[in-house]
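In the two assemblies presented below, subunit A is common to both, partnered first by subunit B and then by subunit C.
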Partner chain A sequence: MLHVKIPTRKEVIEEEKSKGKRIAAVYPIHYPRELFRVFNIQPVEVWGPPKTDTKKANAHLQSYICSVVQSGLSFYLEGYLDIVDLIVVPHSCDSLQGLGSIFKDFIKPKQELVTIYLPREKNKENVEFLANELKRIYKQLSQLCGFEPDDEKLMEEIKTEEKIDKLVFKFYKSRENLPLSSREFYTILRSREYLPPDKFKSILEYALLHASKGKLKKTGIVLSGLLPEPMDILDVIDDMDAFVAIDDMACCMRRVYGEGHSSDPFERIAERIVNGPPDPTKGNSFDERFEFIKSLADLTSAKGVIFYNVKFCEPEYFYHPILKEKLSKAQIRSLIIENDINEPLPQQTITRIKAFIEMIRESS
Partner chain B sequence: MGVKDKIKYIFSYKIAGKLLIEYNTKKTFKNFKPPKNWRTDILAPSLRTGVYTKEIIAKHYLEGRYVSGVKPVAWVTSGAPIEILKALGFYILYPENHGALCGARKVALEISEEAEKKGYSIDICSYARTDIGATLSKKTPVGKLPKPDLLLCCTNICQTVLYWYRVLAEYYKVPLIVIDTPFVYDEAKEHDIEYVKKQLEASIEVSEKVAGKSLSFSKLKEVVRLSKMAAELWLEIMNANKNKPAPISVFDQFIHMAPIVEKRGDPETVDFYSKMLDEINERIKNGIGAIKNERKRVLWDNLPIWYKIRFLSEFLAENGVSVIASTYTNAWGELAPMMDIERPIESMAKTYVYPILNRGTGHKLKTMETMVKEFDLDGAILHSDRSCKPYSVGQMDQRLKLLNELGVAALLLEADHNDPRAFADEQIKSRLKAFMEMMD
Partner chain C sequence: METVKSIGIDAGSTTLKIVGVNEEGKILFSIVEDADPKVEEQTEHILNKLKENYDMESSKIVATGYGSNLIKADKKVTEITCHAKGIYEYFKTGGTAVDIGGQDNKVILISKNGKVIDFIMNDKCASGTGRFLENTAWRLKIPMEKMAELALNSDGEVKISSTCAVFAESEVISHLSRGQKLEHVIKGLHRAMVKRITSMIYTVGFNPPLMLSGGVAKNKAVVKMLEEELGEKPRIPENPQIMGAFGAALIGLSQ
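Here is the complex of A and B:
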């Protein structure tokens, strides 16, 4: 157990606003943090939030739209985002595409709306397209903010993000040496969703100071999916004397991008996102996803994979059967469960997770 | 190309099969009678030219049975830019059309369950489930589907197709071309079009390699010309419904749109739609409406409910409701003017970015509003299709706008285009009754 004081989203927003910064509410998943920062805009991500009453969104969205989008819209309609200056909707999937479009055409928020189209597939043309898309957003932001930061400043922000990505990777690699519960580990990691880089960096560095030589003697799990919400899933795993050794989650590992190579800042950000870890919403192949998940398991002592799916999330659904088969051939067991981020974990799900952990423990 | 395959193809398809189908069509056309149980008391006699729809589709699937090893085979998404493949001589199969056919023949559920058994969630698009189920089990009402040599997936209808085609690529181990089309929130940007153009250009090399020959640009232009002609005729057929009574119901359009989706770029398709247009004009001249008693004129939004076309068509016709305009069938005609025969690749890049499904919710509302005015409609049925998120998200706001700003009755009808488990006859009937009361 570490005593790290992590400010809340609300505290960060208030503090950054008092410093004259603008705040952008950012919907999932991939977006260029650097580009917002260079305009003195603090991104604060909206992943739901979980346990939101989605009544208000029901007037705009059918019940078969996932709870991340339902909650995200309700959260806005309840007025919790009144304080922000921009709303950013990346084009991650058909449902978020719909959300961006409803915002633009029907809800018409008073805040500036920024949409980002993320190309599918990994190749040169896609990097070029995304770089152009980022230039378009740069223009939109400079009109909003009234200034045009130069390439050098943008490059500085990119390098800061690259350093943080490296640090995050180190944090993951030290996971087994850290005296943290899964909930604590992910609370720290996910504070990147709203903290300014220097604050996040110092929290990570502080946590890393506590890494010990001895390893956790628990059963490691790879958690795959969108996000670990409700976070009770982490407690259920820990209660079984197991822990999340590493993850393949959209809010976490799938956004730990590698370094870019280009000296053009827009291209460099694009390279980082396009060539980043595989992600269903980027349409990566089964082999890329399998190799990635396997490499995560190999990197740690993880013995099994839990696919924790948000109900109605199509991008994730399509990959499960084949990934499960490939993992099984590689002697890695996996379990697929699904949930609504606004619902408590059903007892049946808890029982399945427990049975799964017992099974992999016995067979290893 | 195997000699045996070729002989089989020539004999079973080109000679015996094709001739037999054509002979049957001629006979049926000559002694034309509406299909059995056709409700002539409430509906106009079915279109005579409809026998050619059957012929085109029957020939298409028959060719598919024997085509492997003779022509390269591509499986493509419904909004994909197929002109390049056509010009290279590919046999093109549309899994979505095959899915629709399974739906209309009421076997989609059985086939989808094959995919569900293998772990594909019931919450993924029912077309994808039907197709994956057919791939895994080889079940199909058309006898046999040819294996693809190439997959072409264009994201201009949804992102779902990207994951679905990944599954197919994994299963068949063949190259997958992805044409990624940036979503158009208002207007497409220059870099969006450039991006699509570059992908189209890059796709030529892969397709040529699979086809084993080079693309002839004059052939490509010819395909684009035929594709544009057919789409223009289709648009004209749909626009004929501005007449009163409207000559062709949307339910008939759903059936007769198969060639414009599946056989775009073929000369037979142009012939077929010009024949159909003649028949439609004949109907207009004689004052024949799609339904006998056109009391109310209505729009249909979103995909058809394939397994309930007849049920819906008859129930609405019994009550004097003619469904005569649709954002869905319109999608295969509205972009025809954008195709430029002299600049095929550039114009394809632009055209394929603009389908209604790749445009914002506000654009769809505008399309519906225009239809309400131009077709003089009294109401709109918005099929809230749980399988198709890109088409359905936004409908709740669109419905309210139609209701409050245009003053037309608008109904949100919850169902699924291919999964009958999402359809309850009595519940749907009572929703439709309430809708009809709103229009009175």
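Here is the complex of A and C:
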């Protein structure tokens, strides 16, 4: 067992503020970390958070809006984001676009509001569109912060993120050699959502020092979806003598971007995001998503895929039947589970996960 | 005194089922009781009574069902795996196993060699389960055994649009208050339940033969309507309620 001390979001916010940094509360999913860092802004992501009382948001939102957005709005309305200096809402899906509009038109927060329009599909035009969008955000941030960092400094931040992405990929590849439970592994991985890059890097490097040569003799699972919340799902998998060998989750692997090629920093960030791993919110094709998930299973010893879908997340639902069929043809079993990040895991869900693991173990 | 090699305990949401088998997998006893809230004490009591007639010194115990975490057992296995095992060993064939229980339904695709290929369960909702019929029977003050009889002998059928166990109850009352015949409404209620189960079967992919387990398999109206909807006569074990516990006992034999 490896024990890693990871500071909490609250501790990080307090420490970074004491150093004079601004804090940006960032809603899911894709955004340019490096662009905020170059303005001395620390992004702290808001994935719900889980177990939030959503009664305040319910008054503003339709009942079919997912629990990530409901919790995210309630969290703001309850005053938990009063401490931050900016609110960043990427246009990831209709619900998040709606959240951006609710902030802009009705709530009118005292903090600076930054919206990001993300293009879909991988092509040159979309890289160009996003690069221009990033330039617009650069101007907005320079007005807020009162300075204009040069391209060289921005490129430095980009290269730092690129190095960290490589390190995260190494961390994934070492998963089977690490003495970590699935909960511990994802607690480390998800600390990137709020830690400064140097701190996150040192935690990963420390964990990697403990990689052993012997591999975990457990049943590997690919976990796909938005986020592993409630984290009890990871314990249920581990309790079955299985583990999450790798993931296709929006908060994790889908944001491990490759290196950009352009010498223009805005284009380079755009390349990284647009050409990143397939993601339902980016409208990638069925084939791209299937090939990606299959490649994850091939890279590890994973025997099956669990689609752990936040209820009402339409972009995810759209792909499920086709992906399930394609995976089945490739002899990869899959299970679709629906969850709400504010509710405990129902017994039916636990039974289904356990039965799925029994099934794939029996057939392999 | 016969030696019980393995005991399967299926602690379901509404009933407790216990099956003992010898080393050939032959059923020596089977017990079905309404489940107590303290199912661990209930189980212990039953096992202690059985010890008076059977040698259970070296018996393996395999538990399944929602209450399995409370039961002392050598192994715990999910209901899906246990039902598949029980049904496969009983009928000696693969196909589609449908377990209609008190609070959940399971549809399991079983391969030719008895492995689970795929499955589906109802999630967070009692739609189409035994409880769906029980609720209405209780509200109408009709014994459960009479429900199937009324549906089978009905010359008409009222469409029940809601498969929600709670909303269907109010829909039934509303039909009756508008003067619809009781047996027509009861038949419609059975149809709504069967359509829900049929949709689950098609979701996972129907592969004949159709094999039923669970308490609702004893309801002749449900069985007849499943045949009408799927065009396939369901196969039903002599005691459909114990298939999960039987499967658990058989899994214990290989421990």
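To be clear about the criterion, the second predicted complex is superposed on the first by the 364 of 364 C-alpha atoms of A that agree within 3 Å, B and C clash if a C-alpha of one lies under 4 Å from a C-alpha of the other, contacts with A are read in each partner's own complex, and residues count from 1 in each chain.
FYI, contacts are C-beta pairs under 8 Å (C-beta built on N, C-alpha and C of every residue); 3 or more make two chains touch, one makes a residue touch a chain.
Just so we're clear, the structure is a prediction, and the values are computed from it rather than from any experiment.
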Quick one: classify A:P315 as touching subunit B (first), subunit C (second), both or neither. first
Applying the touch criterion given at the start, work out whether A:E358 contacts subunit B, subunit C, both or neither, answering first, second, both or neither. second
With both structures placed on chain A, which of the two partners, subunit B or subunit C, ends up touching more residues of subunit A? B
Just checking: does A:Q348 make contact with subunit B only, subunit C only, both, or neither of them? Give me first, second, both or neither. second
Where on subunit A do subunit B and subunit C both make contact? none
Could you please specify the touching residues of subunit A with respect to subunit B in the complex? 59-62, 64-65, 91, 93-95, 97-102, 104-106, 115, 117, 119-121, 125-126, 128-129, 132-133, 136, 280-281, 283, 285-286, 311-312, 314-315, 317-322, 324, 336
Any idea which subunit A residues touch subunit C in the complex? 333, 338, 346-349, 351-352, 354-355, 358-359, 362-363
For subunit B, which residues are in contact with subunit A within the complex? 118-121, 123-125, 128, 155, 158-160, 162-164, 166-167, 169-170, 178, 180, 182-183, 185-186, 189, 191-192, 194-195, 198-199, 202, 360-362, 365, 384, 386, 389-390, 392-397, 401, 414
Tell me, which parts of subunit C touch subunit A in their complex? 66, 77-81, 104, 115-119, 121-124
